[in-house]
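First chain written, first letter: the chains are A, B and C, and each begins at residue 1.
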Amino acid sequence: MAKYDNFLMDCWYVAAWDHELIDGKLLARTILEEPVLLYKGDSGKVVALDNRCCHRGAKLSNGRREGDCVRCMYHGLKFDATGKCIQIPGQDNVPPKMGVKSYPVVERDHLIWIWMGDVAKADVAKIIDIPYLRDPAWRGMADYMHYDADYRLIVDNLSDFAHLAFVHTHTLGGSEEYAFKTKPVAVERLENGFRVERWSMNSGPPPFHRKVVRNDAPLDRRNIGLMHVPGIFFLETLFTLAGSGAEQGNLEGARQYRNCQFFTPETRSSTHFFWNYLHDYQLDDPTVALSLHDSMVAGFLEDKFIIEGQQEVLDADPDFKMHGIVSDAPLAHFRRVLQMRIDEERAARATVHPAAQMAAAA
Amino acid sequence: MAKYDNFLMDCWYVAAWDHELIDGKLLARTILEEPVLLYKGDSGKVVALDNRCCHRGAKLSNGRREGDCVRCMYHGLKFDATGKCIQIPGQDNVPPKMGVKSYPVVERDHLIWIWMGDVAKADVAKIIDIPYLRDPAWRGMADYMHYDADYRLIVDNLSDFAHLAFVHTHTLGGSEEYAFKTKPVAVERLENGFRVERWSMNSGPPPFHRKVVRNDAPLDRRNIGLMHVPGIFFLETLFTLAGSGAEQGNLEGARQYRNCQFFTPETRSSTHFFWNYLHDYQLDDPTVALSLHDSMVAGFLEDKFIIEGQQEVLDADPDFKMHGIVSDAPLAHFRRVLQMRIDEERAARATVHPAAQMAAAA
Amino acid sequence: MAKYDNFLMDCWYVAAWDHELIDGKLLARTILEEPVLLYKGDSGKVVALDNRCCHRGAKLSNGRREGDCVRCMYHGLKFDATGKCIQIPGQDNVPPKMGVKSYPVVERDHLIWIWMGDVAKADVAKIIDIPYLRDPAWRGMADYMHYDADYRLIVDNLSDFAHLAFVHTHTLGGSEEYAFKTKPVAVERLENGFRVERWSMNSGPPPFHRKVVRNDAPLDRRNIGLMHVPGIFFLETLFTLAGSGAEQGNLEGARQYRNCQFFTPETRSSTHFFWNYLHDYQLDDPTVALSLHDSMVAGFLEDKFIIEGQQEVLDADPDFKMHGIVSDAPLAHFRRVLQMRIDEERAARATVHPAAQMAAAA
């Protein structure tokens, strides 16, 4: 089974938060099973290169950054920001084709985006715009978590509101009864994912929100979830005092959240998870973001425990068959959309490069 | 190599001691390479289910027991003691075939027995009766040990008295000279194993016994070993003062032991080992059982060290060829009997379900 | 891929330093993927046997040495120094063919040499002579290091002076400028390796030497490197005060080193590294050898870090292609010579034992 069966190649993935590169360090990160070196050069330009020196395969991340270039510290070969080898100590000429692969990267709204697929298709306009990450009206704390699980199991989890009541009863969710009282809301099927909107009227604040507002007054709550291929998720949450007319458009006194989540496959069975949970009130109080951050981490660890368990089950028996339930509708739609895109890519690759495709499938 | 080449399927295996389930906890235990969930319901009934929720493969052992049922704590699906799914939150109807596999289990004499093979053949009458475990005339301390080794290497070890002198000189055995002075005793070949009886007259007490009786007087000793497929071993031991006529039937002042051992494959190369070493004297003194328990653990760890070393040798070179010696007779007979039973099962399976057999062998 | 594609079989490898066996202990060491038991018998004879009892595969290294023999402590089988089984407890006769494989071993100049290939070709005259290890005019500290890397990556490293400036700037090397100022010296291609000689005039002492001599005066330095198949390396180093005429043969006041390194494959991706760094001055001051030893360890750990990183790269992508640079000349020659010898062996093996060869390639 080739990685092309599991990953969408021609799309932008989050490779890092900008603050991970702020000190100019050489960051090694495996992305879609490729070893990638990431760094920010002296000019401020972000560079992404194959992390293997083309000479003897030494890791460039064990090397030294020089300006916007990197030097392998095995034999001193120096590579520029495009991956071209520009110096070989003890040798006057550098063969023109000597170099390592470079990947298109874009720094935008504190995220480093990388394109792992066909370079000719790397259109910057395809990067999803996330205004909250740059808007001073929102405050959050960007963070990272590593999963030992297929990214699709995590995307499943987010495509699915049914698990909140059971997995996150005491953190993000609320009461278990919620799961029994409510029906899954209609999913808006989009070409590249789905949208779900759901109102929940006159219920107590969920634990993460209550901790911050210190008030048990019943609230009206609106959640809008948006999931995009290959694994980008936004959850817009709005709370108003119950009965204040939010459903009719009165947002006075509303408190809102923007949950931004980005999943990037490391390997077929491990995932980089970048996230930020932003809020739009009490922006001068840093403890709000800290409290929300901690609540999210607690909730994510609940998911991680379940999902890494699923991965163990699938590792032990790759033939394990799953059986759908009604609330799987968004998840099932998303899996279909994602697989269709992956299949299209594979078909196109087979047409253009049949031999390469066969080799990749080997 | 399919697991059906290594395991006897249609027989009862020990899955747990009853005390492991006493608090109603959800116990995950891999048995014959299948992930099994074990628990005792509120009614006292013991339940064994496939440990993977049929919905998305989450581990049911990470769920919650509710009476005799278990609820998956991912999306809240509830399963009864037969594995049938009886509730899906947010969904009015449960498809009739929704559920997980259940395994026949029987609690008897403090052991939980499980049947991993063809359910139609799960005859409770086939469970071996072990009166000592329920008889108040015997006292012991049930325990468990995990082996990183093929269960057959451990069974080999127990089928073989020749190792006592070398492996257990200072624990269970005695002097090395014993190995040179004695000849292997005749083995009674049984259809499902073997029986060995051996007397040793007028020799010092072995260390484990001397620790308890605090007396170096020479003893007459009778050992009767019984080995049953797939890996159940009993050793009956009797000590009397040397020359007191035990061989002629005078058992006055005799002290006896019953060593009950049960081996259940976890995987092809790891094993669950359940054991109890019972004694029939000084029953009101708890230190006797504690001392014997500790002596056995010391001895078993000596075996474990050797046997896990063998497993490393076989893992490194699966083609390693063993060469028999005379004292292998019981071991060799037992391996033959066991393999014959395994081959019979495979042949029967091939006749009934040729396609399933081929898939299993893949 | 069989191990015969990676290892030269018919040659002497270093199996141990003599001091490792001094107390008569049973040393288990995997060599060329074979489990070997090494020990020095009471007679002083060094013995190398297959470390697996021919009976049930128990490790003989878990056994007990008896004189020049070893007894398996599972069932007590005893083997003499040739591997012949000479006693089976409880059995009057030992089958004449019962035994374990033995390997030719030679103790010479503090090294234990072993021959893993065709015994008929094990000519002691083929062992490389290393007079420094026995000559009282040289003092050092023999040591051992384990590498998680293919031995050929380590041999590459030693075949290559270009890495000194970058990997060992602050330990064994000196300034990075050296790499830019000098050209790789011509390599003398030998049938079984290569020889490199290089003078460096009027430069500061490298860190390891400066620490010992405590003097920054510029020096003239001569390095002569000798590499032999399968992985034996000598580096002769000479320092004199700059301008004292060493190149013209005046060695008055010279200080010399002999770096003796021996690489023995443990597996395809791990290596035993035996080494000694000897010096010829201040022989009555033990701190010189200690300081040099510590400098070497520091330098070797720098190599190990880089090389084990290469191994990770190759493990992740066995198809990774390396690209040569000019300074690879010695390395490339050595790889060619080594592979030629390996190919010759394989061809000869195929002629003599075509079936065995096919089995080995399986």
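What to note about this one:
Keep this in mind: a residue touches a chain if its C-beta (ideal position, glycine included) is under 8 Å from a C-beta of that chain, and two chains touch if they have at least 3 such contacts.
In this text the structure is predicted, and so the values were computed from the model without any measurement.
Taken pairwise by the contact criterion, the protein chains are fully connected, each one touching every other.
To fit its Cα atoms onto subunit C, subunit B must turn through 120 degrees, a value rounded to the nearest 5. Because subunit A and subunit C carry the same sequence, their contact can be compared by residue number, and under half of the numbers here are used by both. A separation of 48 Å divides the Cα centre of subunit A from that of subunit C. Of all residues in subunit A, none touches two or more other chains. Those residues of subunit A whose C-beta lies close enough to touch subunit B in the complex are 156, 160, 162-163, 165-167, 176, 179-180, 182-184, 305-306, 309-310, 312-314, 316, 320, 322-327.
Residue ranges of subunit C in contact with subunit B, taken from their complex: 33, 35, 52, 54-59, 62, 71-77, 88-91, 98.
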